[in-house]
């Protein structure tokens, strides 16, 4: 396979993928096989936490693909992430069935107490897993496609595009906050019971989800690697640096941007879908522009335009967040803010840039 | 038509959907021996007339030099030809049948017009051969580009161009590390990879040593004949060394046209340009 | 409710009864000993609201000249009783030690600890009653403005029996506006007259009258009236009033839109400079606005007795605080990032988090209370259905002044010239000897300072808290991008347009959808015109 | 997390850190989780509750602790991030092995942690007024249900102030939507016509209230006494009240009764134009009782600031904590199942001079007070229920829930028993 050839040239990627594989295999073993109390036991709590990081890492890959390689600073990837999450959430809601508090076999609880008579049309079909998975891919893709169709055709670039993506996710945030939209309003979707018949509270299901996230991340990494190393990928960096020249050698830049952007949205959607069962809730806050900016920061911290940088950045920043919110809740925003400033000023190539310096200049 | 039939025609494997068929521009028709027609062009930016009733014809296989003081409209003219700027009025035809004003930049490029910018624009992050590979003529849609791999014929073509532009030894260097002159050459090489019929070359000699300049002149002359070449240049010595026909632009329209000698003796031209 | 009604009528009758005496030259009941007053006062001291309500009635009808002052004090919450002594006193001043004066004798009783006295509390029902009673007393107030208010207060509670007294009032009234209000009152009573010509005449008099009671009265008439002619005429009158109300509603909506727009302009205009002129995506812009608002708070804290002056002083102070912060940001961070706008976005976002948390640490996460000076409160009543709030008018004018000032600075001053030169062509400007670094710093400082000024204005409208900035940053960017980057007029027109559009959408769609619609509209608009409403002039890409 | 080693390389540290996370050994203290946001948008309200909990635990320890052991507070910061609430709840229960958790403010944060508490069978005490429609074996609702706040307030306005026309204004999210739905149904049942009810929703943090306030004014000009029932949330209140003041809507013309504005919120508003507007709570700082004076005094001593106010959710924590303490003493253990059984019926004094009891539906009994805003930022109680009102998990005025009852006593032990079908769903 071509991808393997590409992988051989990507040392950082090999290490990262290796670690992901190790994690995907070792953590479930340490969780299920190693008895509690043993030093090597990984608690379900820790595993869920790691699973969440893996989803974030996949999301960071999606952001890096369009920002690092294509030069589109998307401040709206949270929108795609959340839409994927909502699609998954809707499936999980339908799975609750009559186990909801009102015992309504069809309507989710929030619809019952808002006196809704029947299931809205856009909730139809989500009782099937395959349909929900299709929507996880299609809905973010469609939004990205329509948005990109307009934006890239009229050559909205740079800062303007960033601000437009921000407006997009902000508009969705407001829309999903509305109870009338039929997505549970501010409370979002929660209280999930099971997935594909397996109880979400069982350790084995959690292990399965963790493995799924690891595999998704690895596959996402490989597909991004394939794209970026292909001629198309090289063209992407060419567009990032000299958009006009690419046009004058005969490429329809808007189409390339459109497809890469859409693919990136799909990745983000998948990340969102995996994220929801890990954390057990999806709500409109995920649409907030601040969340989207934070995603960009993961990539910047890790080192943009290197795929492993994105993965490293996402895991690192989120780990720091988990740690700092416990260790120093009052100061943690100072730390995060300072991190942004220092990374942009001092480490334009991210933390992996420190290690990478030698091999690129050689 | 029955449902079954329409289904069948929908599923036929030897056909693709209409919207998937790329827009292939009409063939280049050169029956009258003229490759480029620019007629009655007008462009203004916020009241400033950059192009004022411009008429210009380029013959097939011709090497034409265009000179003119700053702000004469040379770059704007190139922008119109390559689709970057749309004129307020007038027409621009490539051969007999291709209306340039209906097309955008990539379509024009695919139709056979290559352009080199004033400032060399190459993909600095990429290696020299990558630059050439990306510029290579071929299927430029998204999916084919994703799966594309160099075959031996294409590899040979790249090597050939590398030789022409004198960058054989530097093939794996990053383009950003090339000298200014080498970048100019690489850009010309990228143009050639596109197999254009018409080359628009903006200030090719800028920043070159004398020796490089000579080589460039030689290269451009050798291209004429099989290609039509339009060169915009400030360096009069360079123009003299390559041109047989020169057009002088002034305030957005053609002031004079003729051989270098005729131009040099044209009273108007001397006043506005050479005489200063 | 009905109970309340009849009681009020009782007062009215009683009062008008007195009034007629007074008109004939007899002081009404005033000479009676004040046993009724002291009875009322002793009632007031009882804790029970019902007893207090009765007390208000007793005091108001006592006819004692002190009654008004007592009721006013009760309404303003200045009436206290000394604990365990049951003496009623007026409280003056604030703090732990307060001065008190006796209610009955009016003599000063010195200062006491605040804990030694207890406030006579009232509830809303009593408050309403007090307003009504004071209105009655105020009908003979020498100030025509107060008389007008009093008449307007009485209009919704009119009954046919008050007709005669209205006539008496009309005879002595000289002020046109008060006369007009009395005429309206008379006409409303006329509508209930049993004689048909009187009702017709009343309808004639009420043509185009916008007083809300008139409309309600007409609607009532339409449901009750049997006579065809009157019915038709009432319908026509009502239609005329309705269409007038609709027109004023439109004007009101336009004003709301412009006022929302002026807030957007204020918030965005600083950004228009930092973003438009030096190309910095300043995500900390909102926090600079917030700093301006906090500056207002601090200055008000420093001079609590001169709120108005404090507010005026805050304008330059906020400009300096935010401007200096801006310059500091520019010198320490942004100057290393010129030409990389997307990275300024990230760095300034980090700065915004730091600024937020700083404010949270210093001032606590709670909102701070900023007072509005008297001259900025209340509203300008143009007619009964159209009133414009003074603070909004002030801010609208203020926004225009800031805009004009900024425009002049950029147009006329030498620093403005340099800024514009640097905006058009940095390298050329540098070649002309403009110290680019200094200009950049000053431009950024200017934009930030304006943000601070916007904060002063916003402190009058919304809460002053650490999240203040975040709620305006996206809107500000929308305005700048919509108006056209680098064009001050664009920001002005863009902001006002968005404000007005928002207010016209709102009744249709509700506030939430209106906001979404506007956002989607901007997204689509930018696709159509990437340069915004007013593109920056010059050759594209040059 | 104790043994987490810090290595220079982050990834290794991460992996090692997770591998070496050792379970906390059996405790000599009883741990109590405090799950309130200390950063982010909700920090403004929740930080106070964290301090309240620390104070209560401190005082209990001074009294000798619980079951002979000291209490120890474990404070975490879910940073106003709802999924993080669930994560931190899991951390508190599994890692820190707390005996009970006091926390959450927003409905969404409670919804987020609810499955975690049910899965791990732990206890959550939730101190904020909420929309009802919930009853969990593991959650104890010490804030007001709609029938302990909204409905008495409407009754007051209707009976005492003669209000005939109603504006239900709220922020567009679940609590206002549900409350308004209940209120609209209640008002209609009381004979209020459809056209006399105006319902309006605004986005979070809405700051431009001009047109809505103008609409309210027009609505109130129709000749009938009008009142606004406000479920407007958080920061949007300040601009709302400012606009009311400026458009001349004083409390005697159109009173506004709010369910989310307490003493803490008022401290950020200039209350002079607001005097006479109302709020309905189960506790006000101005309540005249000895318990309250003591509470305020110890709060000021604890927080070392005489200017800090107390509010209703603080009282809810006070009640909830004392009920828990008493239930643990009664059960003799902190084991959640035992406490769940012991806690029903436990009665403790509240701050307004009465006693609050834990009901079988895991809600508590409370008095309902209506207060008017004073110019010093305090409320003056103008009305209160004669006795205690029991919290109702399922509203009688909603279609879906009127047939549901909740009773966690054995043998029923069901949070949503449907009296019509005779089934307990979700079991």
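As written, the chain order gives the labels A, B, C and D, with residue 1 at the start of each chain.
Here is the rule we use: contacts are C-beta pairs under 8 Å (C-beta built on N, C-alpha and C of every residue); 3 or more make two chains touch, one makes a residue touch a chain.
As the structure is a prediction and not an experimental result, all values here were calculated from the model.
Chemist: Of the chains shown, whose Cα centre falls closest to the middle of all protein Cα atoms?
Modeler: A
Chemist: Which chain lies the greatest distance away from chain B when centres are computed from Cα atoms alone?
Modeler: Between chain B and the rest, the longest centre separation is with D.
Chemist: With chain centres taken as the means of their Cα atoms, state the distance from chain C to chain D in Å.
Modeler: A distance of 32 Å separates the two centres.
Chemist: At what distance in angstrom does the C-alpha mean of chain D lie from that of chain B?
Modeler: Here chain B and chain D have centroids separated by 71 Å.
Chemist: Report, in whole Å, the distance between the mean C-alpha point of chain A and the mean C-alpha point of chain B.
Modeler: Each chain's C-alpha centroid was found; their separation is 42 Å.
Chemist: Indicate the whole-number Å distance between the mean C-alpha point of chain B and the mean C-alpha point of chain C.
Modeler: That gives a centre separation of 64 Å.
Chemist: Which residues of chain B are in contact with two or more other chains?
Modeler: In chain B, no residue touches two or more other chains.
Chemist: Which chain D residues sit where two or more other chains touch them?
Modeler: Chain D, residues with two or more chain partners: 39, 172, 201, 203.
Chemist: For chain A, which residues are shared contacts with two or more other chains?
Modeler: 174, 177-178, 330, 333
Chemist: Under the touch definition given earlier, write down the residues of chain D that touch chain A in their complex.
Modeler: Checking each residue of chain D against chain A gives 1, 10-11, 14-15, 18-23, 38-39, 76-79, 81-84, 86-87, 90-91, 94-95, 106-108, 111-112, 114-116, 119, 133-135, 172-174, 177-178, 181, 201, 203-204, 398-401, 404, 415-416, 418, 421, 423, 425-427.
Chemist: So in the complex, the part of chain D that touches chain C is made up of which residues?
Modeler: Residue positions touching the partner: 39, 41, 43-44, 47, 160-162, 164, 172, 200-203, 205-208, 210-212, 214-215, 221-223, 225, 235, 237-239, 242-243, 245-248, 251-252, 255, 264-265, 267-273, 275-276, 278, 372, 374-375, 380, 382-383.
Chemist: Please give the residue numbers of chain B that touch chain A in the complex, ascending.
Modeler: 82, 84, 104-106, 109-110, 114-115, 117, 121-126, 130, 133-135, 137, 140-142, 145-149, 190, 193-194
Chemist: So in the complex, the part of chain A that touches chain B is made up of which residues?
Modeler: 227, 230-232, 234-235, 237-238, 241-242, 244-253, 255-256, 259
Chemist: Going by the contact rule at the top, pick out the chain A residues touching chain D in the complex.
Modeler: Spelled out, the residues of chain A in touch with chain D are 19, 23, 27, 30, 36-37, 39-46, 48-50, 52, 98-104, 109-110, 112-115, 174, 177-179, 184-188, 190-192, 201, 279-281, 283, 285, 312, 315-316, 319, 322, 325-326, 329-330, 332-333.
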